[in-house]
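Take a look at these structures.
Here come two complexes built around chain A, the first alongside chain B, the second alongside chain C.
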Partner chain A sequence: MSAAIETSAVGKRYGRAWALRDCTLTVPPGRVVGLVGANGAGKSTLLHLAVGLLRPTEGQIAVLGRAPGDDATQLARVGFLAQDVPLYSRLSVGDHLRLGAELNPGWDERVARARIDRVGLDPSQRAGGLSGGQRAQLALAVAIGKRPELLILDEPVASLDPLARREFLADLMELAADGLSIVLSSHLLADVERVCDHLIVLAGGQVRLAGDVDQLLAAHKVLTGPRRDPDRQPADQTVIQQRHTDRQSTMLVRTKQPVLDPSWTVSDVGLEELVLAYMAAPSAATVGRAAAPRLRSVT
Partner chain B sequence: MLWLSWRQFRAQAALAFGALVIVIVALVMTRGHVVDTYSSAGDGDLTGFYVWLRLLGTALIGLPAVIGAFWGAPLLTREFEDHTHRLAWTQSVTRNRWLATKLALIGAATVVFVAVFALVFTWWSAPIDSTGNRIGTANFAQRGIVPIGYALFGLTLGALAGTILRRTIPAMAAALTGFFLVRIVVQKLVRPHLIGTEAVSTPSFGSNGLHGWIVSTRTVDAAGRTISTKAAETTLTAACDITRATADVDGALAACARRLGIHDVAQVYTSDRFWTLQVAELGLFIALTALTAAVCFWWLDNRTS
Partner chain C sequence: MIEFRIEPTTGVSPYRQLVHQVRQALLLGVLREGDQLPTVKEVVAAVAINPNTVLKAYRELEFEGLVEGRPGVGTFVTRSLVDSSLAAHAELRKDLSGWLEKARRAGLDDDSIAALFESTFRSGRNEGVA
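Our next item is the complex of A and B:
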């Protein structure tokens, strides 16, 4: 089974500014993958490249083993929910389903209709009058109705209230359980933690961290103990982030081995803490590279 | 795809064709009066309401630009502004097919709309034209089939402006300006050479008696060299002793010119070449339409992604 998304040194430039550069990553299939990063990290650009709305300035990108975009067959394999859920505000809910049916040869009316019914959308209502949650549900129904192999969502829940967000994410998890590959971008880490089993952290257009959530959490430890120099850490421990007071040092380290030094108090790391550490870390701390972060004292 | 195009276009189409029906009914009902006015003795002059109807010809000249601004420009800018292109272009339809379907539908509506309007107006104006000059610049663009070419070009130019500028108001402005610029350039610089004018010799300093569009006139001497009117006058006044005191200066000049072999050569499109010129200019604008559409497709495929 080919990767959901595979990029090799892909870059996209708008005018003189690079939105994404030298980005190499593999998004595994059959998962719910969270793409995390600050605003402007290149998440939307990467997703737009994956659905064929954009073409890379340099490098390669393959989605489900093929170049994204230009032919109808490939377009049919990927469902997309763009940021802010664009809909035709003067078209009704029913019109949007008709749109899906007319524009997608593989359209499954039953599936789309069932979603609309379940969330209680009136087919005769205009899309312009829907709430944020209803808009997202309608867009999801259209995206699911085309029966994609991969569903890509760009900040799907950013504009939803907490209740609508919870319902929407529950629906996504249900779809994933049916075997749909899902990639979603978000800067809301709590949501990512709830639904994603694979995580990719993007910063400055570069991948900072990628892996299965379980493995990432298992491979990182928070060490607390008397103040010391991070350069004296064992070679198998990579320091991702560190805080020092006069007496105490706290370090987030990546290690495959158990931490044996008895002077450390070792604790597990939360996903949010982990992601924030990688987003803030200098790029040298990226996975698979030697890390040499500077010592920053906090007194 | 055709369904979506129609669904998005049908309100505008209903408005436009509703207005067209009113115009056509008005023209059909009033033609009898136009025939009477121009067939009975006298020069025939329309008054009151009929003057307004005659101004529909001027509306016909502006119509292609309006189609470009209101049907062409928003074709893409509305999608860009609402971000709905991200919905439309991620269904199982390539954006080339998306654009092709939209342009085909709105293009077909444009052809029907403008063809009906222009041909009915040409028929309505026929009594007026029989005494006037429809190949001249004043009437040529509001008769026959050229309005169809103008309108198709206006439409694709508007779509192209929208594709490049991505915002409605600037695209509308660009479509209007660009359209009239091209129209004026064609009328002033291209149409005079489009099917080749005929050179007709006419007497200098008198009525030339020509019917049609006189594109240019020059004065030549007996040897066939082009001379300026002032030089001709100087030569003639000296040769035939014409002074301010001469009784009929113009008549004397004309007679003297005939004697010396000085005459005018006019480059003319005669009235009977109206349809030939119409077909040629329609062809030119269809070519411009194809070119603009090609650039639009190219831009959408290469510069919008």
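Our next item is the complex of A and C:
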């Protein structure tokens, strides 16, 4: 099975400014991917590249093994919910489904109708009169009706109230349980922790961290102990973030080895702490760019 | 049937919360041998978490010999935890009460006791003792 998304040194430039640079990623299929980063970090640019709404200035991108937006077949394989949930406010819920059926060769009316029924949308109601949650659900129904293999959502729940958000995410997770690959961007790290099993952190147009959540959490430790110089950390520990008082040091390190130094109190890192550290870290600490580990003699 | 809850604010990963809740239900007799756990789809629809998290939790419980997945049917409880451990509870509780009294006599307040327990529990777990 091809990767859901595979990029190689992808960059996108608007005028003189690079929105995304040197982005190399492999997103395995069947994952729910959380794309996080500050505003302007390049999230929407990456998503638009994956959908085929933008073309890269440099580098290559493949979605489900093919160039995005290549032809009608490829377009049908990827569903997209843009940030502003674009609907035709004068058209009814039923009109939107008819539009979906006319525009998508592989349209599955049963699936789309079932979603509309389940969330209690009235087919005769105009889209302009729907609540935020209902709009999101209608957009999801249209996106799912085309039976995509990959669903891409740009901040899908940002404007929803807590209840609508929970219902929307539960519906997404049901689709994931059926094998749909999902990529979603979000600022809500608690949601990301709940629903995502793969994480991509962007900052300043670059990938700072990417991988399966379990592996990322297992590869990082928080060390607390008496104050010390970070340069004296073992070579197999990359310091991502550090704080020092005159007596105490706290460091977030990435390491494959267990931390054996008894003067450290070692604790696991939470997803939110990890994401925030990478969003704030200087780019030298990004994955794959760590200094090559030196060999250490074992006595 | 057990109903799961996921608390986002505890700092405990959703996966651990699921495993913990099943174990807790087994210990308290809420779940018994032969009971079916909710399907992955039912769990994700109820609490909006990643389906792989549920699968992982069920695999862990299966590895511990507490449940068994029957392909195409569901996941079932294979072992009750009630008999084996409930009997020991009373004595352990007595020991613990004695220890707590000793700690208070030594001048530890609630926070100190919790901190001491937590750090001992953790270091014991890291050494594979607990």
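In this section, the second predicted complex is superposed on the first by the 289 of 299 C-alpha atoms of A that agree within 3 Å, B and C clash if a C-alpha of one lies under 4 Å from a C-alpha of the other, contacts with A are read in each partner's own complex, and residues count from 1 in each chain.
Convention: contacts are C-beta pairs under 8 Å (C-beta built on N, C-alpha and C of every residue); 3 or more make two chains touch, one makes a residue touch a chain.
The structure presented is a predicted model; accordingly, all values stated were derived computationally and were not measured.
Asks: Who does A:A190 touch here: chain B (first), chain C (second), both, or neither?
Replies: In the superposition, A:A190 touches chain C alone.
Asks: Touching A:A280, do we find chain B (first), chain C (second), both, or neither?
Replies: neither
Asks: So in the superposed three-chain picture, is A:L87 touching just chain B, just chain C, both, or none of them (first/second/both/neither)?
Replies: first
Asks: Per the contact definition in the header, classify A:G100: touching chain B only (first), chain C only (second), both, or neither.
Replies: Touch status of A:G100: first partner only.
Asks: Just checking: does A:A218 make contact with chain B only, chain C only, both, or neither of them? Give me first, second, both or neither.
Replies: Neither partner.
Asks: What is the contact status of A:M1 with respect to chain B (first) and chain C (second): first, second, both, or neither?
Replies: neither
Asks: In their complex, what parts of chain A are in touch with chain B?
Replies: Per the touch definition, chain A meets chain B at residues 48, 51-55, 69-73, 75-76, 78-80, 82-84, 86-89, 91, 95, 98-100, 102-106, 139, 142, 146.
Asks: If we count contacts the way the header does, which residues on chain C are in touch with chain A in the complex?
Replies: Touch list, chain C to chain A: 6, 8, 11, 13-14, 40-41, 44-53, 56, 126.
Asks: How about chain B: which of its residues touch chain A in the complex?
Replies: Contacts found on chain B: 1-4, 7-8, 82-94, 97, 305.
Asks: Along chain A, where are the residues that touch chain C in the complex?
Replies: 32, 166-167, 169-174, 176-178, 190, 193-197, 214, 217, 266, 270-271
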